[in-house]
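Same chain, two partners: chain A is paired with chain B first, then with chain C.
Right after this comes the complex of A and B.
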């Protein structure tokens, strides 16, 4: 491992530690019983099978959004459309799960395929606009997020709303569409297997395939990549399609794994979380798993503290802010970076 | 259809356009100033939310809407300052920095709301203050026009003034000129001795102050309380308006008003049973199409 790489890992660890210290500080300031709360925050998630299961459950959708963002970031694309795609694909997957009669096993797979395809199709818009005409994928994807939210809400309100339930939710998904539970005593579902499989596929795609190579080269230096004969237009569109498909899958899997009805009424936040996960992972698909588990662990910890003491779960978003700011800060600890790298030279 | 027309051609509808445009106008001016100097500020949504919260809380503590307003502006500048510090000193990517501030805002405001009001939904239990409505002498007595133009919140008038202030600043002041230079050709600006970092910091702080005003309007004008996620996408609309307005003050203001019309319209048509969800996406669709046309034109020019 190069010194530079090991320094980046060190920096990530330091940022994680600082975030945890910020959590301690908040708990100390707010909690009536700080020591107990800190203990719950740190150890709580490991104290029962159910909580461990919770971590895995939360990490599954984060893995998909993290993978999508990693593919985009590797190509140096700042597209935040995963957010809206999670929502719309979730809604479309719900439609399939409610009304398309299919036998078990095939049913969820078909729903996931529909969601993924829809995600890829949506991503074609910012993808083509960027690749062909140079329109900022950031702005177009932000616009798309709100359009997809509106369309998804429309579907929920006007097509699949269950009028017999007072809250705004869809009809029940067909039993055949639900993803089966893997581990009794938890809600961990077969989406986990799909997630692991997808991580491996994305890893091979990025690091062992010609397409992935072209994609990464474009990310490192677009002009150079173009000069050496890589078709940039194709690469940018490809990255968008892959990211769209991954986000769409994530949206459907989260719904069919964790819910019995479509319940989202606002953007679920997975797209932006994905940016954080990808960053924590250094845009590496394998790292995405670790990053997703870490963020999920923090969330379950905060959730437990909220349940057993007096601190709102939303503490977590303050920690996330710290993590994102520090990890994406190129010059954070840069004074030590030089020393760290020089050490090897000696 | 007839019913729709009577709703649209009522003084209430025109009054509500000015009302709903106010926060969008402030935030979109913030987007213009930030983008002009080359640092796209996608934290506007979060900054507005933070300012709305701080304005509400400080006006409750001090029993003065004006002190609350100052605090809201300060909070907006502080949040923008944090963004500026990390992006310009620590070289955090400005988009990721924006995501971080938005995350902080959406959860952080609920966190503190719970601590002070014991409620994760709204702050109605706190007796916070509202900025005054202003009746314009003479104009208020003109039929129809008076009903539409007079009697708005103080900040609504300030938002209109802010457009001209930003326009003047960009076009006529040395600061505006430097911002444009930094945004267009950073290296060239640096070579003639402009302190690029300083200009960008100033731009982000102004952008934060403007978004802060927009946030203050939400909790101390539009309604008289703070509720979770109350900015509900206005920061993104502002970014859309800025993109449509091509980073010009007047163009952005015009699109902001159009988006305000769309917003007022979607509030109105939902009464008629139209799909408000879809009507609400109109500003974003228009922007998307607009961006497509602009980039197509640029592309043709380059060919």
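Right after this comes the complex of A and C.
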């Protein structure tokens, strides 16, 4: 491993530690029984199989959104459309799960395929606008999120709402569509296997294939890529399609794995979490797994603290902000970076 | 650039600087301008200013300095009184070994026309003409040097030739293809190489490894890519060969290119562009800011390509380089070809300088010889 790489890992760890320390400080200030709260926060998630399962369950959708964002970030595209796609693809996957009669195994796969394809198709909008007309993908994707939310809500309200239930939810998914549980005593579902497979595929795509090479070179230096004969327009569109497909998959898998009905009525937040996770992971697909598990662990810890002590779960948002701030700050620990790398030269 | 340089020096003086550090100040100046700068520097020295003059050009150092310090690989090789050392002695210290400053040039092995630039005119947004009726041809097996002070249309000409600017009139034919009708990939596929002036902008991807930078013009070939998957071992082996043969100082093929020194980065660029066996190569300031040893390797490589039948267009602000490598020279001034030398031997640097400054020009019949 190069010295620079190991430095980046070290930096990420330091950022995590600082964020955790911030959490402690907040707990100390707010809690009446700080020690007990901290203990719950840190050790709590490991105390039972169910909590461990919770971490994995939360990490599965985060992995998909993290992967989608990693692909975009590697191409230097700051597109946050994964958020809306999670929602819309989830709704479309729900439609398939409710009304398309298919045998088990094929049913969820088909639903995931539909969600993924829809995600890719939707991502084409900011993708083509960016590649052909230079429209900022950040702006178009953020606006698109609201449109997708509207479309998804329309489908839920007018097409698949179950009138027999008082709250705004869809009809029940067909039994054949649900993702099977993997571990009894938890809600960990086969989506985990799909996630692991996807991570490997995305890793190979990014680092071993020529398309990934084109994509990364474009991300690092667009002009260089252009002079090397890489077709930038194609690369930008490809990155969007892949990211859209990944987010779409995530949206459907989360629904079929964790829910019996489509229950989202607002944007679920996974898209934005994905940005943080990709950043934590240094945009590396393998790193995304670790980052997703870490964020999931924080969430479950916060949830437990919320349940068993007097600390509100909002604390975790503060924590996440601190982490993002430190990771995204290029110059954080910059002084030490030079020294660290120079050591190698000696 | 020349004017910017002057402004910088004036700015420093106006603020009452006692110490002037000049880093390669003459890289962008014509000989006459250099002469003028030197006069001013000597005057400043006599006024009691301290001047640190950093340069790759030994002749200038020899001419202007009282003491000379040689640095190589971050290590100080020593400080001497300038009068005590000859140019050869200083260059030996810089390179660390003897270089044959006289490159061996084989006889021209003339082949068909590879670059044809015809009636190219270009004007900018304010309708100011940048290029005026530029016409020239480069045949396989020759190096055509373009001499000229920076900012006289060279950059625009190259950008037209490399498709980063839209043509307004005229035509450029490279390897028999009208470049307006093909895209960059197709142009690359005609065996076209380009060593850009600004290596950081177009030449390399800083955050990518050396291997990734070196394969950027061949990752698509069957030898390195199978069913869309890159053959990592072959890529690394190839990159390693290049690192060896160019003497690129690094920790291996996985070294981040952005962490290399300028000279080593340039070697990466040259290694890549030259090893695709180009039939046409545009070399833009191929040795700017590069140490003498690396410059020598790059020069040798360019001559080797020429002997193999490549048509090379060489643009350099370093007159020495242009005269040393080229088989023929055109001089560009305010976007116009003002002089054409079909042979390099016997050109006096002073006359060339006068052409670059627009004082002298050849008659239109001689200039037509460039076509």
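As a convention for this text, the second predicted complex is superposed on the first by the 346 of 346 C-alpha atoms of A that agree within 3 Å, B and C clash if a C-alpha of one lies under 4 Å from a C-alpha of the other, contacts with A are read in each partner's own complex, and residues count from 1 in each chain.
Basically, a contact is a pair of C-beta atoms (placed from the backbone, for glycine too) under 8 Å apart; a residue touches a chain by one contact, two chains touch by 3 or more.
Since the model is a prediction, treat every value here as computed from it, not as a measurement.
Partners chain B and chain C fit side by side in the overlay (superposition on chain A).
In the superposition on chain A, A:143 makes contact with chain B only, while chain C stays out of contact range. In the overlay built on the shared chain, the residue A:210 is in contact with chain C alone; chain B does not reach it. Shared-chain residue A:243: touches no atom of chain B or chain C.
Of the two partner chains, neither chain B nor chain C is touched by A:122. With both structures placed on the common chain, the touch criterion links A:221 to chain C but leaves chain B unconnected. Once chain A of one complex is fitted onto chain A of the other, the partner contacts of A:235 are absent, as it touches neither chain B nor chain C. Residue contacts after overlaying the shared chain place A:324 against chain B, while chain C stays out of touching range. Superposition on chain A leaves chain B and chain C with their closest Cα atoms 8 Å from each other. Shared interface residues of chain A (contacting chain B in one complex, chain C in the other): none. Across the complex, chain B is touched by residues 30, 78, 80, 125, 129, 132-136, 138-140, 142-147, 149-151, 153-154, 157-158, 266, 272, 275-276, 279, 312, 314-318, 320-322, 324-325, 328-332 of chain A. Those residues of chain B lying in contact with chain A across their complex are 40, 42, 82, 86, 89-93, 95-97, 99-104, 106-108, 110-111, 114-115, 120, 229, 233, 236, 239-240, 243, 275, 277-278, 280-281, 284-285, 287-288, 291-292, 294-296, 298-299. Against chain A, in their complex, chain C makes its touches with residues 162, 164, 183-185, 187-189, 194, 196, 201-208, 212, 216-217, 219-220, 225, 228-230, 232, 251, 254-256, 259.
On chain A, the positions that touch chain C within their shared complex are 2, 4, 204, 208-211, 213, 216-217, 220-221, 223-231, 341, 344.
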